[in-house]
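Common to both upcoming complexes is chain A, partnered first by chain B, then by chain C.
== the complex of A and B ==
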């Protein structure tokens, strides 16, 4: 087990700044998920940690020691690739044993370690097969087995589940979570799937355009996003964003005009002034539809999911709002309803800086 | 079947037949002629009329033709082996390692194979002489390498580039150095590519004529193409067509056998199952 420190890390590809000053502290035994849209630099960061890629500035420390000059094999890391990257001409056994044989383990030692890992991943019957004779999920397990068998100090995953179909993906997600409980090794996991990030992570690092947007525990990020990007990136369906204008400053908040209504919201009066534009973010599950004073809107589409439903509304002022409700939907397409929201559950962002505005508690 | 499809398939059949006829007819004519004897050979006939092994017997009797075949086998095999030993590491460097001047080297490699053989003949002669290889099979191995190494290196570079980068990176993570990556990971994956380039190199060396004619003077050390060209009749004016045809057919067989053996290897894609799937 190792703790990782990434300090002010900079990476350039020619003129292009791929990472501009990344700072992340990863405690030993922690599972940290790097999440962000494609091109945000998360895979590059992972490859830098693995040693496959160098960097142009800053520090990378394993347990406080610089690892810049160390090649991958001396860092005690293992990397699971998105494409599995199994050796196609080697059997499952040989795939898992390859790394060990490079480290001069004895034959008996290799055999016992591989069979132990194979047992834990339910690969025992497949040891003599070639990768092409395996299903996608089995290949992924072999790739994970190849990583575990070397007992690395740091486990790196590069979008390991994105090639699997939905059912298999949630199953493997569970297996990775179990794996982390068993091994309690430091893990860094890259994904663009926010559901994987939310469910697996001890700590999420949201990245965008080569910078860290926010670091924190999954629910903290979900409940208290520091900016618009984090707010809209986490959560599915996406958070609704409505634009409003500050009309009055009051001691208990400010009055905000948006989507055809005027509402007292708990934004600190010191952060805004009259006439400022504010973005109101509300999660689909925090909006209710029906009786009460709310945003008047027309039902456009209803999606039934069985256990819950999504209603896509279009407000009179033309803004679209998604509402998530339990059970089946009573709403009919074409109806005009009222979307009711609780100001204390909304998120507020400065429309210019896109940073979260301070809220009165 | 619609009328259109009908026309299409007939057209396809005709085209394929023409190509087959064009490429196979000379060889067919050689086989037919090789089984004729005496003056029959000068009468044009498209179908076998007589059948005799006389020509085949005489080529082995009147000159060291068996020895020539062995020579060719030695030269061609050695050329293939040495070419591969040189071309695989070269292809690794040119295909997978980034360094300044890589493109220039690649173009130079390609450029050397554009020189006509005759242009390098005198220089090659100097080289052969200084190595003390004149009139030996070694001379032919060294000179043929000039023909085979550039294109084997070039082709393997292309194949090497197509191998997924992740597999190489997985091996690096697994702690394998460059030599181990080449031998344990790339070589098995390149096997089909090596088989096909190897056969091309073998054919090139097997058919090579100019170096064979120039650098070897004694009958016993000659390779097959030169030996066939120098087959003489009973007198100066007689051209021993029958013998030449028999000899040509004989030396084509090893190539055909080789292609049949490796055909399946060449076609099969070994990388299946490496990524995704």
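== the complex of A and C ==
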């Protein structure tokens, strides 16, 4: 087990700054998920950790020691590729054993290690098959098996589940979670799927445009996003964003005009002044639909999921709002109703800096 | 049990034949007809001066016993020397071309400044007609005026000039050298195309696994590019089997370097002997066919091996 320190890491591709000063501390045994939209630099960062890619500034430490000059093998890492990268002309056994054949292991030793790992991944019957004779999920397990066999100190996953269909993806997600419990190895996992990040991570690193936006435990990020990007990136469906204007500063908060209503919200009066534009974020599950004072809106689409439903509303001022409710929806398309929100459950962002505004507790 | 073909399949089969027909007709005209013609002449005593009425003499052009002495192509030491020369030339030049061509392909596959230019330059020898490159090499290897002798003498590797293309011990090597220079780009190009189809992440996986570059080449690159390599080797081997221009320009009719094609030309044109020339051509065709059959067989055998394991 290893702890990783990434300090001020900079990576450039020609003129393009792919990573501008990344700082992340990864404790030993932790499963850290790097998440962000495509092009945010998460895969580049993973490749730098693996040693496949160099970097142009900053430090990368494994247990406090610089690894910049060490090739991948000496770093004790294993990488599971998005495309699996199985050797197409080798059997499952050969694929898993290939990385061991260069090192100190005897033939019998290799055989016993591979079969032990194969058993734990339910691959025993497939050892003589070629990759093309396997299903997507099986190939993924072979790729993971090939990584485990080497008993790495750090596991790296590069979008390992994105080539699988939805059902298989959630199944493999579970298997990776179990794997982490069993091995308790340090793991760094890259994905663009916020659901994978939320469910797998001990710690999520949200990245955007080559920078870290926020680091923290999944629920902390979900409940207290530091900026608009993190707020809208985590959670599905996306957080609703409504634009409002500060109309009055009061000791117990400020009065905000938005979406045709005026509401007292718990923003600290020191952070804003009258006339400031503020973005109000509300999660779909935090809005209720029905009687009461709220945003008057028309039902546009209703999606029934069985256990829950999503109602897509359009407010009078033209803003769209998604509402998530339990069970089946009582709403009918075309109805006008009111979306009720609890100011204490809303998130508030400065519309210019997009940073979260301090809230009165 | 054989079931009757549904009627719509007849139509499909008919259309298929219709599409294949033009190619079959062209092939029959440019390949089958000359081949059959040659096969026929090889069984006659036809002369180039008079093709009107050859008489049929059976296999006597190949092998003949007139009661006290064997004769015919198969007993001719000059023929067998030509066969040996050709096979030796094929084996040596194709091997060298594979090694050099693959090497160049591996270099050109890597990203480096000026790669585009290097790719173009490496193709130049292949674009030069064989007769021209034969002449270039003849001059460069010339005993008195050649740059190669001059260079070797300046650096002190040899004391007196060597007649590269005339000396029996070096003449064949000179031809091999010129051929390798002219055709390694073909192998390089084919192998470069094959290398570019290999996914980069396989190599990254190998790097993560800490596999040495040599092992990566023999365990990953070579097996995965083998299909292209086999095609390249078959192409080049068949080309090398009928090598004519280089040999003819560089050392003429010298029996020490004579290849089958030069031998055939000599019989057909110099000796006006269509019968023996055709017989030699048929034997060359059979050797070529054997090379293809052997290559395809080993390939199929290897494939079935992979599928069984």
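By definition in this document, the second predicted complex is superposed on the first by the 360 of 361 C-alpha atoms of A that agree within 3 Å, B and C clash if a C-alpha of one lies under 4 Å from a C-alpha of the other, contacts with A are read in each partner's own complex, and residues count from 1 in each chain.
Keep in mind that, in the parts below, a residue touches a chain if its C-beta (ideal position, glycine included) is under 8 Å from a C-beta of that chain, and two chains touch if they have at least 3 such contacts.
Given the structure is predicted, the values throughout are model-derived calculations rather than measurements.
Put chain B and chain C onto chain A via the superposition and say whether they clash or fit.
Verdict on chain A: clash between chain B and chain C.
Would you sort A:91 into first (chain B), second (chain C), both or neither based on which partner it touches?
second
With both complexes superposed on chain A, which partner does A:155 reach: first (chain B), second (chain C), both or neither?
Neither partner.
State whether A:81 touches chain B only (first), chain C only (second), both chains, or neither.
After superposing on A, A:81 lies in contact with both chain B and chain C.
Based on the superposed arrangement, let me know which partner A:55 touches: chain B (first), chain C (second), both, or neither?
After superposition on chain A, A:55 lies in contact with neither partner.
In the superposed arrangement, does A:233 touch chain B (first), chain C (second), both or neither?
Neither partner.
Just chain B (first), just chain C (second), both, or neither: which does A:132 touch?
The answer is first: A:132 touches chain B but not chain C.
Once chain A of both complexes is superposed, is A:163 in touch with chain B (first), chain C (second), both, or neither?
first
Shared contact residues on chain A, chain B side and chain C side combined as an intersection?
In the superposed arrangement, which is not itself an observed complex, chain A uses residues 50, 52, 71-73, 77-79, 81, 83, 85-89, 98-99, 102-103, 130, 146, 150 for both chain B and chain C.
In their complex, what parts of chain C are in touch with chain A?
Residue positions touching the partner: 199, 201-202, 204-212, 215, 219-220, 223-224, 306, 309.
Per the contact definition, I'd like the list of chain A residues that touch chain C in the complex.
Checking each residue of chain A against chain C gives 50-52, 71-74, 77-79, 81, 83, 85-89, 91, 98-99, 102-103, 128, 130, 146, 150.
Within their complex, state which residues of chain A touch chain B.
That would be residues 50, 52, 71-73, 77-79, 81-89, 98-99, 102-103, 130-134, 136, 139, 146, 150, 163 of chain A.
Once bound in the complex, which stretches of chain B touch chain A?
Checking each residue of chain B against chain A gives 164, 166-167, 169-176, 180, 184-185, 188-189, 270-277.
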